[in-house]
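The structure that follows is given in the form of structure tokens.
Each chain gets a letter, A, B and C, in the order it is written, and its residues are counted from 1.
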Amino acid sequence: MAWTWFFRLGSPKWFYQIAGRWQPWIWGLTLIGLSVGTVWGLFIAPPDYYQGDLARIIYIHVPAAYLSMFTYVIMAVSAAIGLIWRMKMAFMFSISCSPIGAAFTLLALVTGSLWGKPTWGTYWVFDARLTSELILLFLYLGHMALYNASDDIKTADKSAAILAIVGVVNIPIIHYSVEWWNSLHQPASLSKLAKPSIDESMLWPLLIMIFSFKLFFISMVLPWLRNNILWRERDSQWVREMIEK
Amino acid sequence: MYQDFSIESEQLALIRGERLLFKQCSFSMKNGQVLQIRGPNGAGKTSLLRVLCGIMEPDQGDVLWCGKSLRKMRESFGANVLYLGHQIGVKRNMTVRENLLFYSNLRQAKPLTTIEEAIQAVGLTGYEDELAAHLSQGQTRRVSLARLLTEPSALWILDEPFVALDVEGQGWLAHLFEQHLAKRGSVIFTSHQSIDLNVKVNTLEVSGGSHA
Amino acid sequence: MLRVLVGREIKLVFRRKSEILNPLFFFLIVTSLFPFGISPEPSVLGLLAPGVIWVCALLALLLSVDALYREDFDDGSLVQMVMSGVSPASIVFAKAITNWLVTGLPLILLSPLLGVMLNLDNDAFGAMVVSLLLGTPSMCLIAAIGMSLTIGLRRGGILLSLLVLPLYIPILIFGAMAVNAATVGQEFVGQLALLGAGLAFTASLAPWAAGAALRVSLSE
């Protein structure tokens, strides 16, 4: 049973319709989650002991940074599924992840540097986490550039998939090397983004925000994926019938 | 005498960009047969050969080598098949002899003829140590054809082998085909012209070019 | 098999000698640009030398890789090799070895000269050479992945750098760090060990990734 479900995912038409039906619900949940998390984080949760209201930016920054990594992993996993089981849908999903992941990365970078201005006195410092995010952005940009450079969609799918897997293997290596590099070059006081422990009153809204960001990712990826499906299947029977209706 | 082999395609379809090059392309062949793939320019003859060689993957269907999917038989396939495409892989900066030696070393196969004999057979005597860059197009083509002699393979897959050959060369190649068939070898080749061979030639038409 | 492949590559490279010399000139020229851009002050240059030499070596190496693939792709040699039953991974591995032998190694031999020009600390020369010895092969292998991914594309050049440079960062970090540590008289065995581990890691995985990528690119 489980396997028939798995392989039905490989059918663009089936996926297009199911995703279309789920989409409004997921968007609804996302909006609820984001509003609850935002209100709780910005108004109800107590201000940070050291940084006051300034620290409330973590309710955006941390989920964005988390999702930027999470999206890359999802992208690589579906790329691997595509290569192993030769599943067109998995490639399409993987491809749809990368602009969204890049957007999360950019959000994490922007919020990080906005947070940096009052704490460090400058928008940009080669802090370990920000640097890792910056390199992650390069990886996303490379992935998108490679995919868009190829004229043949089948080649583009597979090349991008291989690159995503190479990237995901390298992300931890890059992350730890940057951290080590940073710890030797920067005094520890500068890495204020590293929160060793967090009070429960701040943890809950943060967890809600992370969860809502995940929902947000799904709500973003579904329309992207459906567009992709329509574009690639534009000559097939079911798309033509749907357009005529 | 070559070992038994079989190659078949099941309902192959290939889409390139917006165009459906071919669909439901099926055939099967065994030792001692010739298949000519015919069709107008741009019909997908070259692409079909590349699919048969496992370089390109079909959108539908599969190529079977000795009854199994080509993807799982790459080693046996590589050892028994010689493919000469449009780009024939003759290095300009290597001599005729070095070119032939490199490929026969890669295959680690025992040649039926020595490299010198093969060079003589394709009419390039005296050019053994000449860089391929100094040869004419027809002569370069002959270098690649010499590989048919130095790398004994049961199945030859040749893309437009008669192009760039003079009448004499064409006659020689046709004769080579006949000798190959006599040893239970097979040939798949593309050509838009008719080739006179003293054996039965099966043909496969690729019309291609319809909108996907 | 690998011997046949590497032998061919080296023979071909030596017939176009500019392929060996151009990356070396590049290395020399780009490195000597830094004093113009920053300062001729020996103490300042000495501080920057480890990073400058490492970054320039990395760029020179990256520029040299295209020539190893481009012609073989265009004239059909890559397809012929794959069709001769050679696994794409061995082709790529042979090319990475050649890349290192004809460009990586000469760069390393040239690096002490640049160290002198940039006033690198006397104690750091050993660390620089050893770190380059361990780091450059990994870079050749990673470049092979990027090259295999982009060889079929019409405008692959800049894309190659975009794909490969972020992956070079850990190597650059540990390599330059080892030299930096040596200039201030610190222990640098740890960084070298990490570079070695990185080499073992890339040598065991990169050929497979690059081979898979090459097969995809050939199907274009």
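Here is the rule we use: a residue touches a chain if its C-beta (ideal position, glycine included) is under 8 Å from a C-beta of that chain, and two chains touch if they have at least 3 such contacts.
All values derive from a computational prediction rather than experimental measurement.
Here the chain at the heart of the shown protein, by mean C-alpha position, is C. Set against the Cα centre of chain C, the chain with the most distant centre is B.
Inter-chain spacing, taken between the CA centroids of chain B and chain C, is 37 Å.
Note: centroid distance chain A to chain B, computed from Cα atoms, is 48 Å. Centre-to-centre, using mean CA coordinates, chain A is 32 Å away from chain C. In chain A, the residues that touch at least two other chains are 152, 154. Shared interface positions of chain B, defined as residues touching 2 or more other chains, are 57. Shared contact sites, meaning residues of chain C that touch two or more other chains, fall at 219.
For chain A in complex with chain B, the residues that touch the partner chain are 151-152, 154, 235.
The touching residues of chain B, counted against chain A in their complex, run 16-18, 57, 59, 211-212.
On chain C, the positions that touch chain B within their shared complex are 1, 4-5, 8, 11-12, 15-16, 71, 74-86, 218-219. Looking at the complex, you find that chain B touches chain C at residues 50, 53, 55-57, 74-75, 77-79, 81-83, 85-94, 98, 102-103, 105-108, 151. By the touch criterion stated above, chain A contacts chain C in their complex at residues 83, 135, 138-139, 141-142, 145-146, 149-150, 152, 154-155, 158-159, 162-163, 165-167, 169-170, 173-174, 177-178, 180-181, 184.
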